[in-house]
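Each chain gets a letter, A, B, C, D, E and F, in the order it is written, and its residues are counted from 1.
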Amino acid sequence: MFSLTVCDHIMIAHSFQGEEFGPAQRMHGATYAVEAEFRAPKLDRLNLLRRILDTVDYRNLDEMPQFQGQNTTTEYMAFHIWGLLAAALKDGVLGEGGRAVSGLKVLLREAPGAWAAYEGAIY
Amino acid sequence: MFSLTVCDHIMIAHSFQGEEFGPAQRMHGATYAVEAEFRAPKLDRLNLLRRILDTVDYRNLDEMPQFQGQNTTTEYMAFHIWGLLAAALKDGVLGEGGRAVSGLKVLLREAPGAWAAYEGAIY
Amino acid sequence: MFSLTVCDHIMIAHSFQGEEFGPAQRMHGATYAVEAEFRAPKLDRLNLLRRILDTVDYRNLDEMPQFQGQNTTTEYMAFHIWGLLAAALKDGVLGEGGRAVSGLKVLLREAPGAWAAYEGAIY
Amino acid sequence: MFSLTVCDHIMIAHSFQGEEFGPAQRMHGATYAVEAEFRAPKLDRLNLLRRILDTVDYRNLDEMPQFQGQNTTTEYMAFHIWGLLAAALKDGVLGEGGRAVSGLKVLLREAPGAWAAYEGAIY
Amino acid sequence: MFSLTVCDHIMIAHSFQGEEFGPAQRMHGATYAVEAEFRAPKLDRLNLLRRILDTVDYRNLDEMPQFQGQNTTTEYMAFHIWGLLAAALKDGVLGEGGRAVSGLKVLLREAPGAWAAYEGAIY
Amino acid sequence: MFSLTVCDHIMIAHSFQGEEFGPAQRMHGATYAVEAEFRAPKLDRLNLLRRILDTVDYRNLDEMPQFQGQNTTTEYMAFHIWGLLAAALKDGVLGEGGRAVSGLKVLLREAPGAWAAYEGAIY
């Protein structure tokens, strides 16, 4: 099984609901270093990821309709970006190469010693 | 000359004024990985930095009085944290060891391939 | 599948038995940068790992009863810490969130270019 | 399951065939930081990898017979090195320990934010 | 003193003259991760570096007229890129901000554990 | 000014005297990732550092005569290795190239977020 990983990053603002989040209930932000691992032999390496990250980059996630009532934790954002990438692959955005992708993992590093990921098969 | 570097990080929200900032004029955020390099032989390694970072960690910098009319760019925030650390050293917060510090550099990594720093002598 | 990774580190002394270990038969030590990857949606991110690492941090492993007759190689220590974390998860130390964890991987970096890991399912 | 990862690097020259490769059709080169992950309890950690990398290190891959008609992309080179390591393990080069290896992953970092890997079971 | 560092990378082919270079006398290549540290308050962060790196990226340095009779070692390439950046700064390519730059350091990482740099004042 | 940095690492055991060291008063250890930055145009890149590190690698520093009565902190070990490298440079161990070295910095990373260095001119 081949895998190909491309990296990029986004810088967002958000706040969390719930006492267990402590000071993270305040409006704050994060640089998320994003690693997208595609499990398939050949792919356009960079353009797809950048296009999808542009939909959330330099945004206050609290004000975006799609995130209402949702804590945009690191693991949730990994899942959200995974969903956008998986949909693009199924839509044939990457051509035949993209349709050959069988698995996808999206990992977001929020700080030097903490990260979260979501991975799943692509049908 | 000895130097001792300690690292920590903060997660903040902010926005920039000025067309040259493009999408960064929108409310967004950053994880700043902070490296503070003290030039002196012996120091309390971690507690001072954490206490100072707490004043800006998990904050929307746009709403803090001390940053009004100021773009809180990475280089400005390096300078701001440098100023707080330098003042603490002069105030004797770190005891004799702290008073022996002759130089200080504060470096903030905002993303895997971009960082800024401020350095200067401590009198 | 979600995964959440937290990092910390320990600094230990030890020595190995067996000629194949060469100079590592002498009392020496290591900084182990520990990465614990939990496969589950929500967890207390830091406190559990730190509490478990405290049982071996700043220790001479050669003098600890539980390691007698055992070479405390990097891979063995990954397995040892894995066992402590897995037991804590089963004991409900992390509450409902912890009981939802289905997989765990513990990775120890002993040097910039060498690391070992142990991973397994949690029942 | 245990895993043990060793790292090393090679520096090669090559060029790619096909308009989709753009400027990479010109003779250029790469430092590939190689990570070999062995899934097994005990192994000679470094010597095997170095010996295998020597067959391609400091070479112009375009002039090597085994790569004629093949674009030596990062993912292909990961697969190539995987094949050499897998064959050595089966040949018993690492003794009983090597024969116990059940899985192998070879990952090549070609730049700070881009890497590829090949992984598979060893029978 | 402020400093601002931007990073990018190039992938080149070359060979060295001189027995002391051993296997590096053969045509080989390198990924050079480039870090350019500008000592000044405000700058166009990315575009200048990319434009200058394009002049050597994806090239066989042995065939470029400006490198004839010169071993393009890591330290030499750091000096070469430093010269191009310094000239662009003096030519006013970056406007007033660029003319305020008083120092410049260019660092090239050729492998995980080896790098070289050239630094100097800008008049 | 050129600089050339080479990296290697050592794994040692030691303990500290003084209540302010807390649990580090117990026998423990460290992996020190060592970075030696030579300020000069051309040098034998690797062999000198390795030879010097061998004098402390895989050792219990508490039992070595040269460290009696001395806390072998990270900053002290940086100074110690600096002294050995500086003496070797003056003794002409690196030939004419070594005698041209005018500055030297030795940096030891003891953990992902903590390091210390010693730097000074070579006469």
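Simple rule for what comes next: a contact is a pair of C-beta atoms (placed from the backbone, for glycine too) under 8 Å apart; a residue touches a chain by one contact, two chains touch by 3 or more.
Computed from a prediction, not measured in an experiment: that's the story for all the values here.
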{"item": "Partner chains that chain C and chain D have in common", "value": "A, E"}
{"item": "Fewest touching-chain hops separating chain B from chain F", "value": "1"}
{"item": "Chain B against chain A, contact positions shared by both copies (same if over half, else different)", "value": "same"}
{"item": "Chain separated most widely from chain B, comparing mean CA positions", "value": "D"}
{"item": "Chain whose average C-alpha position is farthest from chain C's own", "value": "E"}
{"item": "Pair sharing more residue contacts (C-beta pairs) when A-F is set against A-D", "value": "A-D"}
{"item": "Chain pair among A-F, B-F or C-F whose interface repeats that of C-D, sharing over half of the contact pairs by residue number", "value": "B-F"}
{"item": "Angle (degrees, nearest 5) of the CA superposition of chain E onto chain F", "value": "120"}
{"item": "Inter-centroid spacing, chain E versus chain A (mean Cα positions, whole Å)", "value": "33"}
{"item": "Distance between the centres, which are taken as Cα means, of chain E and chain D, whole angstrom", "value": "28"}
{"item": "Multi-partner residues of chain B (each touching 2 or more other chains)", "value": "7, 112-113"}
{"item": "Complete list of chain pairs which touch one another", "value": "A-B, A-C, A-D, A-F, B-D, B-E, B-F, C-D, C-E, C-F, D-E, E-F"}
{"item": "In the complex, chain D residues that touch chain A", "value": "74-75, 78-79, 112-120"}
{"item": "Parts of chain F lying in touch with chain C, wherever the complex brings them together", "value": "7, 9, 11-14, 23-24, 26-33, 57-60, 63, 110-112"}
{"item": "Chain A residues touching chain F - in the complex, by the definition given at the top", "value": "112-113"}
{"item": "Of all residues in chain D, those that touch chain C in their complex", "value": "1-8, 41-42, 45"}
